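Next come two complexes, and both contain chain A; in the first it sits with chain B, in the second with chain C.
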Partner chain A sequence: MEVKVISPEDKVLVRIMGRVDTTNAARFQEELGFIINGQMKDVELDCTDLEYTSSQGLRVFLMLQKAVQGRGGKMVLTHMQTQVKEVFDITGFSNIIRIL
Partner chain B sequence: MKKRYDPITGKSGAIIEDVMATPEVDAMPFELNFRIRLCVEEVVENVVRYAYDSGSGYMQVETVLDKNIWRITFEDAGVPFNPLEKDDPDITLSAEERPIGGLGIFLCKQMMDRLEYRYTDGCNILIMEKKIDTQA
Partner chain C sequence: MEAMKDRGLDMHCMMMLEEFEQLRPALERMQKWAFAQVKQAIDKAGLMVTACESRVKTEDSLAGKLELKGSKYAFLSDITDLVGIRVITLYSADVDKIAALVENLFTVDWEQSVDKRKNHSLDSFGYNSLHYICRIPEGAYVDPECPEVAGIRFEVQMRTTLQHIWAAIYHDTGYKSDVEVPRDYLRSLNRLAGMLELADDEFSRIRNGITDYRRKVQRMVSSGHFEDVLLDGDAFRSYLALHPFDRLNHSIAAVNQAEIHEISLFPYLEVLHEIGCKTLGDVEKMIRDFGEDAYRMAVHQIGGTDIDILTSSIGLQNLCNVAMLSKGGGVNGLEKMYEILSGPSPYNRHRAERALAQARLLGIKTE
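Up next, the complex of A and B:
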């Protein structure tokens, strides 16, 4: 057997709640800046309570994907609501960001 | 509703909420409501960011429900710009290749039934229409 201890520096789970839109996308980006600028290679964004995202939010998701992927890490978005998923589908983001 | 926001700076949130609060939009099913919020935000955001080079100007927003067609008309007096002429983003690119941004109007094109742009009397006019399925 194998036991792997994943340090908090490597793994991060973030829960996103409410709406990401033009009024708060800058703050959203700022709050997730620690992932964009950090070194975590295992990132999970729990979208259970993400009610809405416009293209302003998509920008930030793409920045996160680019950053995590760029350092050889993996990012996954989980429990996404149908309408939000549609925005990711239409824009092709479902093909470049892993959604479970 | 018909409302003029002057100056438009800082009014994005208010414009979106005003449209969402109209009785016809408020009564729409959740799915449609979501799409309308998104498309209104994308258009307003575009105008706020790009229409007025120096300083700020106004935006007028008018919504009507014409039988089963919901129509929203945006007007601004900013630099002439037809967002419908912009190339659609290449949605087949990889994450590394995808540019950040440029998705707003594309989302509107996909989610609305009809978009129309015209430049009249020094004003950009953008019309979006969505069919409301009353059977649903």
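Up next, the complex of A and C:
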């Protein structure tokens, strides 16, 4: 798993690459901690190269969403691969996290 | 002050203007304090108001008043609106609620206060507003630097938004009283006042009707009379408070020992309409008729995974899938449903086709 911050300004774009699973979910959360603790209100997570997410990954997405919405902002996941989107669908997460 | 002389004010009025300027710091202190009291009381009561504002009269406005009726006032303290607070409400009943709050906060001078709503005869319409002339109650505000504050009277105006609009437009005409207004225009203004009074009453009637309806729906829902309750926003909200999908959700979650993250199911209201549910009874029937298939479909999706977190939409989501397919909605119906929930996307088609394939695999009725 790799996280690449493209623009760390008020509008932040982050590219997530690889797999998020039990082995690296803690590091995934740590690397995105700057969004949870920051003030940016416009967050885009580019999931083009995200291959898989486990439940732990879903929890991190949920945490990010809560933090961003809590400060009146919005978070969107973009370019998600079908097999990852299916995980969001079957868990009901696509009902609460905006996926474009 | 020189400019005021141009208004032709006499010595008495000029002295009152001078006294007013000296008193201004005290007036500003009392305005700030009294306004904060009113605002705090409104917030505490949870009342929604359109506006709550205050001001100290400007020198120009006072000079205008003195120019018109300066001889009426022996002392500056006879003028009771040097400090003014105005509360604009949404509904006419709320004017009386605000009045009750003001009565509890301040000492009301009933002799000087006027309820202009009651001033009109049966066949006349015009300015409708409640004006209280108030004083700070003894001991409620102690200011050693400005002891005179406690004795200053001030005005609190309370009216509805529609009454306020009428008053603002009347004020904009520049006329200070009805006798100044040309007869034709006075008739038009008063006709509008009558219409706005009617609109105020109608808005109150609508609000009371909605409140009664909500109470009735809540009673019907909690007593289980679902068949008689039309599926609208109020009914669905009351129904969701009974957690009707919890049993199905927990059965599904138990398969993977998953935790359930609570989310709002309100967006499903439109989906249920799309499926053809007209009453809460139809939703109940949907749970009875399709609960088992919804469970199978959900388990088919998550059973082979290590997913251990689900949202509380899991049961309803699968119920809607099964119900839509059973009613013959097919791929198009499912796609429409996903569009309602997540917005338009080419992916919705893929998701719908996948759901249909799963249903067929499980032998679930699909047409």
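List of remarks:
The criterion applied here is as follows: the second predicted complex is superposed on the first by the 91 of 100 C-alpha atoms of A that agree within 3 Å, B and C clash if a C-alpha of one lies under 4 Å from a C-alpha of the other, contacts with A are read in each partner's own complex, and residues count from 1 in each chain.
To be clear about the criterion, contacts are C-beta pairs under 8 Å (C-beta built on N, C-alpha and C of every residue); 3 or more make two chains touch, one makes a residue touch a chain.
These numbers come from a predicted model, not from an experiment.
After alignment on the shared chain A, the placement of chain B and chain C results in a clash. Using the contact criterion defined above for the overlaid structures, shared-chain residue A:Thr23 touches chain B, although it does not reach chain C. Contacts of A:Ile96 after superposition: both chain B and chain C are touched. In the superposition on chain A, A:Leu58 makes contact with both chain B and chain C. Of the two partner chains, chain B is the only one that A:Gln69 touches; chain C does not reach it.
Touch criterion met: A:Lys85 reaches chain C, while chain B stays clear of it.
Stretch 109-117 is the one of chain B that runs into chain C, the other listed stretches 55-63, 73-81 or 109-117 having no clashing C-alpha atoms.
According to the touch criterion, the shared surface of chain A, contacted by chain B in one complex and chain C in the other, consists of residues 54-55, 58-59, 62, 87, 90-92, 95-96.
Residues of chain C that touch chain A in their complex: 258, 261, 263, 267, 298, 301-302, 305-314, 317, 341-342, 345, 347, 350-351, 354. Every residue of chain A that touches chain C in the complex is listed here, in rising order: 54-55, 58-59, 62, 82, 85-87, 89-96, 99-100. Residues 21-23, 52, 54-56, 58-59, 62-63, 65-66, 69-70, 83, 87, 90-92, 95-97 of chain A are the ones that touch chain B when the two sit in their complex.
On chain B, the positions that touch chain A within their shared complex are 12-13, 16, 30-31, 34, 37-38, 41-42, 44-45, 48, 89, 91-96, 98, 100-101, 103-104, 106-107, 110-111.
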